[in-house]
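Think of it as A, B, C and D in the order they're written, each chain with its own count starting at 1.
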Amino acid sequence: MRFAIAPEQADFVAGLRRLLAAADTPAVLRASIAGDHAPARALWARLADLGVSALAVPQRYGGLGATPVDLALAFVELGRAGVPGPAVESVAILPCLLGQVAPERLEPLLAGSVIATVAAPPLAPRAADCDAADEVYLCEAGTLSLAAVQRRERSVDRSRTLATVSATSVLGEVDAGAAIGLGFLASAAGLLGAGEAVLEQAARYATQRVQFGRPIGAFQAVKHLLADARVGLELARPVLFGGALSVGTGDEARDVSAARVCCADAAYRAARAALQVHGAIGYTAEHDLSLWLTRIRALQHAWGTQRWHRSRVLAELTG
Amino acid sequence: MRFAIAPEQADFVAGLRRLLAAADTPAVLRASIAGDHAPARALWARLADLGVSALAVPQRYGGLGATPVDLALAFVELGRAGVPGPAVESVAILPCLLGQVAPERLEPLLAGSVIATVAAPPLAPRAADCDAADEVYLCEAGTLSLAAVQRRERSVDRSRTLATVSATSVLGEVDAGAAIGLGFLASAAGLLGAGEAVLEQAARYATQRVQFGRPIGAFQAVKHLLADARVGLELARPVLFGGALSVGTGDEARDVSAARVCCADAAYRAARAALQVHGAIGYTAEHDLSLWLTRIRALQHAWGTQRWHRSRVLAELTG
Amino acid sequence: MDLDLAPDTVAFRDEVRAWLRAHVPAAALPSMDTPEGFRAHREWERTLADARLSVVSWPADLGGRDASLEQWVVFEEEYYRAAAPLRVSQNGIFLLAPTLFAHGTPEQLVRILPPMARGEQIWAQAWSEPEAGSDLAAIRSRAERTDGGWLLYGQKTWSTRATYADRGFGLFRTDLAAERHRGLTYVMFDLRAQGVTVRGIPQLDGEPGFAEIFLDGVFVPDADVIGEPGNGWRVAMSTASNERGLSLRSPGRFLAAADRLLELWRRRPEPALADRVVDAWIGARAYELHTWQTVTRLADGGELGAESSIGKLHWSQLDVALHETALDLLGADGELAGPWTAGYLFSLAGPIYAGTNEIQRNVVAERLMGMPR
Amino acid sequence: MDLDLAPDTVAFRDEVRAWLRAHVPAAALPSMDTPEGFRAHREWERTLADARLSVVSWPADLGGRDASLEQWVVFEEEYYRAAAPLRVSQNGIFLLAPTLFAHGTPEQLVRILPPMARGEQIWAQAWSEPEAGSDLAAIRSRAERTDGGWLLYGQKTWSTRATYADRGFGLFRTDLAAERHRGLTYVMFDLRAQGVTVRGIPQLDGEPGFAEIFLDGVFVPDADVIGEPGNGWRVAMSTASNERGLSLRSPGRFLAAADRLLELWRRRPEPALADRVVDAWIGARAYELHTWQTVTRLADGGELGAESSIGKLHWSQLDVALHETALDLLGADGELAGPWTAGYLFSLAGPIYAGTNEIQRNVVAERLMGMPR
């Protein structure tokens, strides 16, 4: 029993974090909001160089065939940095789906030259971030198809575009469970990372912002708000990796959904605390915090709601 | 529209509060815990002199035929003082039930010479405080009966005794809705009063107890705990009286259950805050706070749970 | 004790209800934080004023109806129930006007209030500064004495509506030697005057709902100072109490939102969320009844005072919880931009503005419960 | 990264599980806060010790098995799952013993620990005083120098188990001139010695789970001081960290409670409470996984440190919420005195003892997040 990341995993995380810290992701997100996806594409290309897009592609197709733990580690960093999507879809879900029926489509995906997204009704009724994607898929009733955008809709997170899609050509029958399970895990990881990022921003702000003659972090109300959010994140992290270790076992449904519940709750609590600590400035679109706040809210509803994941855990526990 | 108590109601409340403040109710409760109900009986006799036991008895039977608002005002004070039961049963519910089928049994009840309790399965499967009562009734499936204790059980509130009962002789068919509705209202009022009492105790303690060189009430964490509890109680009070005004109207079920939900939640939150403010001393049976804490928890389950009342409100709103 | 509306209130309510049914635009107006939306909302104020419904609680000679508090609460309830447009004039009519009624000169009343009532002058509040958010006494913007008036210098921020509004009001330091609360003066100024620069600040939804105001020698005549110079803190506090209290957050808003939540529940029931739905409705109802209690107290000559902090803590938390519940009921659709997400983002500001909830809890604990400072 | 138990841990777990199945009393022992219950629990400690299962993590020559942390967590999980009796010796084995291992002399180890392991000496903690609850540095009880030892004077309170225990341990002021944390000495003393008066304090459930201890010239030999005189604060802090951390609240306790909650849910499902039931299980699981993370870190030579405050905040709130959920599921039966109400009342102490949660939040914010003091 060694429930800690290995040195080579820590190295991978450190490399990823360095790349992302230098990438000015807030500017990338703002460009996406303005409809300019070129900066996001450039960032994705650099992430592909580091192997991110090849993580979940099996080795027999030239990918890294990384473990779910590695995938989760990567998504924590993507979430922390606020990398625009479609990440869960392109990196976590589609490799597993395409490997089953259209492995020839994997190569550009793992190389990062193609970014793709997928809708999976009824759980994920819309394809996310299709404006930034080269390919759109539809996975419905056990069938994977290429798809075309029907109707665009806006998300509360202005850097996301959502669209209902319809199938244009059928690729074949797939077992979607494993693929979407990886999507749940990646979604949980991304939320944890985003939650950690907003709480760090809030803690930094609390030591700098002075009101009533003291840094606001000296007030017990602010301390306790931050501490409670920290507790949530600290407890969510091991549940995330417990979920990653359960992938492929009989406990996967229970443990991955538990991870998603914990990470999404902890991230949301951290976001609320961060906004309260920042006060009015956190409410402005100009402040970077806003990019994470709306994203964390939006992702509560993506790839299964909290309610859906909770009832899945309960069914596993009592079924 | 005058949503405030009238001067004569304020006088009644003040008189009741004076009597109860002088009655050393903690000692009365401790005697009840020890199985000695004589002090409780003596207190009940004094309350009867003030008219409390006659409040809900119709004037045609010699009672005061008081309004539901008056009844609620009285029960707030009984709850605040921690008067042992059976109060909801003897003062609020039974007058209305007995008036329908056995008005001759009202006279000793309103005089305070008889204290009575009642079970009403499935909502109230056990008769409360039967050890302190002279008469035990069973109201089940629209029939009111005299009843005998079958099996005693302990409550988490050690001053309450619960018992399953069985009918010994049938008194007649009753419409129990109105009677039990008054019970809900009285239960809500008692909880509000108990909540106000524990919060006042906590606020007093917070100004006296010194830790780290300051009264603990100077710490923001303590202030905010108290303030949040206070908000709950302040918002519950108008809902209680809104419920009282709705009795007999088409909104009664909705508004009385809403009152019970608000008052019970606010009281419970106040109890938890009071315990946290007191620290270990609040956890001791020797401290008076303990008498209210266990009572507030017990009463969450009496005359309808919070869940039951919430689903009643929702049914009224959406049915 | 009763909750029965007076006969004239019932008549007034029926009139308001009928008028709103006939006049509220079928399609929602564009956001008032866009130029075209601001114009549309300004026109709506004019429409309201033509029916003498824009400022019902004001005296008749200033454009109102001398409505009682009871009638005002009923008006607001009807207004929100009808889903009528948000009030672009709210900073003026709910924040500035009460201050003028309490401290303004007769000349100020007749000059300022009628155009406010007709939407011809839209007012922006200018309370906060970069270093004075919750801590208003830390204000640094100043007004220097000049011939016949004052010159304003400094920076205001989080100024709601200021992007498109006509005039602003706020506190300025007139005695630089005085400490914190002292030496502040309550000033009205023209947002189009020379020396004013307004920069819109986009909110979470991307629209510039508030703005920064830079003031560089902006002239303000003596006639536009409210109360005595140096006495601005006391003058402002009556406004602040109004902002936190009855005026800005009438129960109608939450009752209407709770009704929409129940409608959503009917269409998409989810048993696991039942209690949250019920609690949202109960919370709105509690705030309504709490408001009636306050209305009665004020009608009896009582003061709003520190108890307004209790109301603010309640409605601000209720509003967030109610909207979170709606988003959760919407399931995967909960992230779609629409009325529920707009209401949700708006609700998030509740625990922050008009005195953060942390400060309100201090007020409740210290002033109402006797905790040491 | 893995969660696979080592082969010897699996073997140990199987042994423990089999032994517990064979030996845990079918009927629960009477409360250890009654004289007969205390005796029964003391005997159970002896039974455990006979199987060398009373102090598995201790060295073999002191009655233990040199169990690894991994094995200890597994032992606790099995122990709670088997609903085995509460440990009447827990103050000794979880609070005092770690202090002795860190600061005791070899003589103290061999004299104190074996009888502790066999339940022959039951220890009570004596931390708090009437004026020093959360603020341990405010301790006033004192130890005066005398020939060959010390004389204890003063009063201790909230002393868990002291009503029936044999010996106690705590901090005493030995240098009256020193400020707060300084001048304190860590002392073990006999609860039956001359000059000791113990008065049981009934808890919410009416049983004397803790006691006041009055000390009037109680003699303690030098051999019963742990560490250097005057250095007691530092010595105690290692115990306090243990109290808050891994030792006292093993995840097994909450996993077992969550399993019972799920069992209750199966019998009395209530859809509106579904999410609370799930969250209780997830919370227990999270604490288990968090503990495995800590076990790994400690095995790598890391320290528990301020992170133990995170665990304490989590489990204490989880425990209350889990029991509240159970009571709510029980409906009208929720007020009946029984295992769930007993667990509920016990859980209410969690946010208070071993450093209140308010203090734990300060620790998290200040030491882990860099907030100013």
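Keep this in mind: a contact is a pair of C-beta atoms (placed from the backbone, for glycine too) under 8 Å apart; a residue touches a chain by one contact, two chains touch by 3 or more.
In this text, all values refer to a predicted model and were calculated from it rather than measured experimentally.
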Chain at maximum distance from chain B, centres defined as averaged CA atoms
A
Measuring centre to centre with CA averages, how many angstrom lie between chain B and chain C?
40
What whole-number Å value describes the gap between the mean CA coordinates of chain A and chain C?
38
How many angstrom between the C-alpha centroids of chain B and chain A?
51
Residues within chain D bordering two or more other chains:
272, 274-275, 358, 361
Identify all positions of chain A at which a residue touches two or more other chains, and write them in rising order.
219-222, 224, 307, 310-311
Classify the inter-chain contact topology: is it line, ring, star, complete, or other?
complete
With touch defined as at the start, can you tell me which chain D residues reach chain C in the complex?
271-272, 274-275
Could you list, by residue number, the parts of chain A that touch chain B in their complex?
219-221, 224
Considering only the defined contacts, which chain C positions touch chain A in the complex?
128, 131, 133-135, 138, 157-158, 201-206, 210, 270, 272-273, 327-328, 330-337, 341, 344-345, 348-349, 351-353, 356-358, 361
Residues of chain B defined as touching chain C within the complex
1-6, 9, 69, 203, 206-207, 214-215, 217-218, 220, 222-224, 226-228, 230-231, 234-239, 241-242, 244-245, 258, 261-262, 307, 310-311, 313-314, 317-318
Complex contacts: residues of chain C adjacent to chain B:
1-6, 9, 70, 262, 265-266, 274-275, 277-279, 281-283, 285-287, 289-290, 292-293, 295-297, 300, 307, 310, 313-314, 358, 360-362, 364-366, 368-373
